[in-house]
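What follows is chain A paired twice: with chain B in the first complex and chain C in the second.
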Partner chain A sequence: MLKPLIFVLAAVALIALPHGLSFSQQEILVFLVINILLVTSYRLLTLTGEWSLGHVVIMGVGAYASALVSKELGVNVPVSILLGGITSALLAVLLSFPLFRMKGFYFLIGSFAAGEIIRLIWKRFREPFGGVRGISGIDPMPDFSLGFYSFDFFEPVSYYYFAGFVVMICLWVLWRIEKSPVGLTFHAVHWQDKLAQASGVNLRAYRTLAFAIASGFAGIAGALQGHYVGTVNPNSFDIEVMVFVLTWAIVGGTATFYGPILGCVLLTILNEIVLRELGFEQARPLIYGAIMILSILFLPNGLESIVQKVLPRKAAPSPERKAAA
Partner chain B sequence: MLSKFTASGFTRRTFLKTSAAATAALGLPKMALAAGEPIKIGFLAPLTGAVAAWGKPGLDGCEIWAERVNAAGGITLSDGAHPVEFVAYDNEYDPAKARTGATKLIREDGVSFIMMLGGDTWPGVQPVAERTGMLFSTLLPSDLSPDTTTLLAPAEVHPIYNVTGVEWLAQNKPELKTAVMCAQDDALGLPSVATYLAAFEAAGIEMLDEPLLFDPSTTDFAPVVTRLLAKNPDIICLDTCYSDYVHPIAEQLFQQNFGGQIISCTADFYDQMIAKTSKDFMEGFIFQFPDFDDPALNADTVNFDDPNGFYAEYNKRHPGQWGAVSWEYASIMDLWKAAAEKAGSADPDAVIAAMQEGPGNHAFGDAEWWGEELFGINNALVGDWPVVAIENGKATIKEFRSIPDWYNRHGDLLIKHMQDYGQMWDQRS
Partner chain C sequence: MMELLAQTGLNAVYAASYISLVAVGLVLIFGVMGVVNFAHGELFMAGAYAIVALYADMHLPFFIAVPIGMLFVGLLGLVMEWGLFRPLKDNPLGGLVASIGFLMILQSLAVMGFGVRMEHIPPVTQEVVRFTDKVGLPVARLYVIVAAVVLLGALWYFLKRTRFGWALRASAQDPEAAALQGISITQTARIAMFIGAALAGVAGALTAPLVSVNPHMGHSVIVTAFIVIIVGGVGSLEGAIVASVVYAFVHTFVTTFWDGVLADIVGLMLMLVVLIVKPTGLFGSADRA
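Entry: the complex of A and B
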């Protein structure tokens, strides 16, 4: 009885949330929702023990694909967003052939190189990718009315509801995947790989599966962003943005589903709202960096460890224990 | 009620009405100004990150401009005098953050005008500009298109003015016959490459190699410089490289014993370049942005108010930080102030109409609204531009040259190279 009530209250709070914010905070909320999907999808890949530096570029692949199919082929925007995700997933499968010949640090560097190649392709080929300027004038989500509420997707509140709905569905799917036998196998691939292999688990196939699923959802995040901002360009998906994703994941922690989300939400609020409001506009990178270092020094297990201390019974079992289960 | 509000088409008029009502209800700044109430101007540019050198010094210059204007009585509109104040938002050269910033400046801060660097960030802001009718300015006229009539490029016609430096070089150093060029591969670098190619071709200077385009994330310029020097050119052109590139490239050229001519769009913080190389090495370095203590800026034709005093004050507050944009945003404000006073209103429509009524008072002299062939709209203010050389460790204006004169003679070359690099307004995706 308590659980459904909590869900209803959370849903009401999320629906009411943008109405308590300023216009610019509503804009930030839209990007925050999209980034939550990005960082959560990234965590799925890390379950197999692999950390990629190409995840943001894969997000860009979804953004470019969705922009192109909607702009050039006239495909309906919601369908193009889905196609953007599928394109990212398919590309990830393709990239998995060279990349999963490597592990650990080598995979990290390999993923960075693969991402840079994709970015160079966007820059080099003005047709169809728009070269260094990228693609602008991307079709926005078409407005519609539900009778009791009219969606004008130029407005951040409307887009927040749309993106929030899509992201909630994606998070639910990611959650179900992690809790399924496939998700447990991802843990095993990371923590008990020899044992898993001896049990007949195809390690490479599961790594590829995690990479493709994570990339697919990152692609959807990219497409959501592209259709809101109206432009994509190669610099929007460079290594600097990837560093932010890594930071959210590391500061939040990756042992639990909510860890990276916690990192993303708190660091975004800190960087985009608190520091700007306090007048530290130009000192933000410095302060942001200092807070990151302090959190790594004093919270080595991420922000999720605080939640686990406060709610000890809700603490997730360690990944090692999950894998061994 | 909510449905009724959102179902009605969202136009500029409804936006102004609803935002005025909302701001009144929320106690936020009002759009309509009361007598004596400050006029707010938005400053939406990169203040941190790699491109901050073309944002932050401009904001510093604007603060000095505002103090001077306010001390002189402010901006006089039909309802009396108003002080002016700047509201800044760091867009980090990111289109998504630029969109957020534009929304904040318009809907929360109630600004009357927004100045931007432009470039990669403009496409993120363009829908906001079109939806709200807000008046924007950019330093990069390559952002201009007929789609947005409220975007102006009133300070500089980057990169077209670069032709003046090449033309001056060809006439004053005719012994220089060959050139090579490098540039970062981005929205600032490419139109500049096309312009320099047209200028070199018009001047009869041979390009020994294709322009060397490097990735903006490049940090090691030794291989870039080695490849440039392999052709043994008379001139090395640094295009519109950011100062983070110009400095290490100059350092590498010095270390690899280049003794020829260097030409560049900018040489921000050139005193640091001299410290890293030598005074002799930097002697004769040609670029396009003067120090404002230059006596040539005291000519009657120059429209910037007290340039020497402005430069002195800037250097007092921000020693060693004078750069290409330190004066540019302030000069845009001169134009905006004159137009608002002429219109008697800070309303964007009234200001833009007053601004484009006849020739404009550009900082370097009277200029015409121009650009239809290149940008699809006459929203760029074009006139004379200075050619600057480093002489005895100090930037010195050598001459003012007319951009329209060059374009009338060689415009076809510029269009050809712009088309080759996909930089014409109708080639943008």
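Entry: the complex of A and C
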């Protein structure tokens, strides 16, 4: 009885949320929703134990692909977003051949190099990527009406509903994947790789699968962003954005599904709303950096460890136990 | 054509000098402490801003400002060791995250103290050593080359010929065994961090009048340094120097004959190929320094 009630209340709260906010806060909300998908997809990759520094560029691949197929080939916008995700996933499969020859620190640096190369290719080739300026005038999502509500996608509220709907579906799929046997194998690949291999698990195939799925959803996030902003350029997917994603994941904690989301939401509110309102415009990176340092020093297991202390019964089983299951 | 080749070669030697100063510092820190210092580019930037403050604004002589800047950045390194890397010794991602946080702090301190715009630094000297009509080496660049040779030579002597140097190499090879021999791991970490940071600082200080100084200049420096330490083999000082020279020549020649973005792509490709074919790098071996 309680569960459906909480669910309905949460849904109402999410639908009502943008109406209490200013225009600029509504815009931040749209990006927040997209970033939640980005950081959750990133977590799927970290399940297999690999930390990538190329995830934001992969997101950009989805944005570029969606922008190009809608602009040059005239594909409808919601379809192009899906194609953007597929492009990112396929590229990830391709990149897995060189990158999964590496592990740990080398993978981190290798993924960074691969990402920078893609970004520089966007910069270097004006056809079809538009060079440094990127692609502008990307087709927006076509307006439509559901009878009781008309979507006007120049309004952040409308785009929030649309993106929120897409992101909810994606999160649900990611959640199901993690709870499926495949997801449990991802844990095994990370924590018990020798045992998993001895039990007949193809480590390389599962690593590639996790990389492809994570990249596909990152591509969808990128495409969602591209059609909202209307432009994509190489600098909007640079290492600074990647640092933010990394921070959300680490400050939130990656042992649970909600950890990175928690990190993303709280840090975005802090960075975009609190610090901006307080007038710390120039000092924002400084305070943000200090928070990163303080949280890694004093909260090494992330914000989720606080939640787990407050709600002990909801604590997720430890990865070792999952792997053994 | 010969003259263009010679001139490009000279430019590459200059680039190799300051890149190797930065990369050797990064390798030293990684070797002794086992952390990848993402803020290394910002230490370079801090060295450059020390010159902005001391030489351009306060009009101290350049050759007094450079050692002060070097010392200042070395002290920043000590602060990082004490505040970040020592408490996070047992956390594998800790040093990475903390150094990214420190990077953001340094960047925004530079923005707040000096503004986002490019700094103008009066040239130290306009003289040029002329070899032929078209081939010349500006004396300001010669300073960088001489400093790199002298400092790296001194570092080599320190590491191979002094007791502290032995202790440093021992704790890089095997911290536990070194500790059992009575070497203070904390002390060697402190020294490595000070030297590593100071090398990045002096590179930034010496090149400040030659490049555009801005709060975000560290980004390209750290990317270059990563390429160099991967190609040279993570943890190998000799490898870092050789890779600096290789990278500087490849990058400078591709920039001169094609364009800069293509040179960046080629540099990153070089690193990816090394990672795929020989992840331990050209000079990589089991031990770390």
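FYI, the second predicted complex is superposed on the first by the 325 of 325 C-alpha atoms of A that agree within 3 Å, B and C clash if a C-alpha of one lies under 4 Å from a C-alpha of the other, contacts with A are read in each partner's own complex, and residues count from 1 in each chain.
Keep in mind that, in the parts below, a residue touches a chain if its C-beta (ideal position, glycine included) is under 8 Å from a C-beta of that chain, and two chains touch if they have at least 3 such contacts.
A quick note: this is a predicted structure, and the numbers were derived from the prediction, not measured.
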Fit or clash between chain C and chain B when superposed on chain A: clash
First (chain B), second (chain C), both or neither touched by A:239: both
Partner chain(s) touched by A:133 [first = chain B, second = chain C, both, neither]: first
First (chain B), second (chain C), both or neither touched by A:152: first
Touched partner set for A:284, first chain B, second chain C, both or neither: both
Chain A: partner with more touched residues, chain B or chain C: B
Partner chain(s) touched by A:195 [first = chain B, second = chain C, both, neither]: neither
First, second, both or neither for A:205, with chain B first and chain C second: neither
Touched partner set for A:229, first chain B, second chain C, both or neither: first
Common ground on chain A, meaning residues reached by chain C in one complex and by chain B in the other: 120, 123, 239, 282, 284-285
Contacting residues of chain A [partner chain B, same complex]: 22-24, 27-28, 31, 120, 123, 126, 128-137, 140, 145, 147-152, 154-156, 158, 225, 229-231, 233, 235-236, 238-240, 272, 276, 281-282, 284-285
Partner chain A, residues of chain C touching it in the complex: 36, 83-84, 87-88, 91, 93-94, 97-98, 100-105, 107-109, 111-112, 219, 223, 226-227, 230, 234, 259, 261-262, 264-265, 268-269, 271-272, 275-276, 279
Sites on chain B touched by chain A in the complex: 2-3, 6-7, 10, 47-49, 52, 56, 88-90, 93-96, 99-101, 103-104, 107-108, 120, 123-124, 126-127, 131, 185-187, 189-190, 215-217, 422, 427-429
Partner chain C, residues of chain A touching it in the complex: 51, 98, 101-102, 105-106, 109-110, 112-114, 116-117, 120-121, 123-124, 239, 243, 246-247, 250, 282-286, 288-293, 296-297, 300
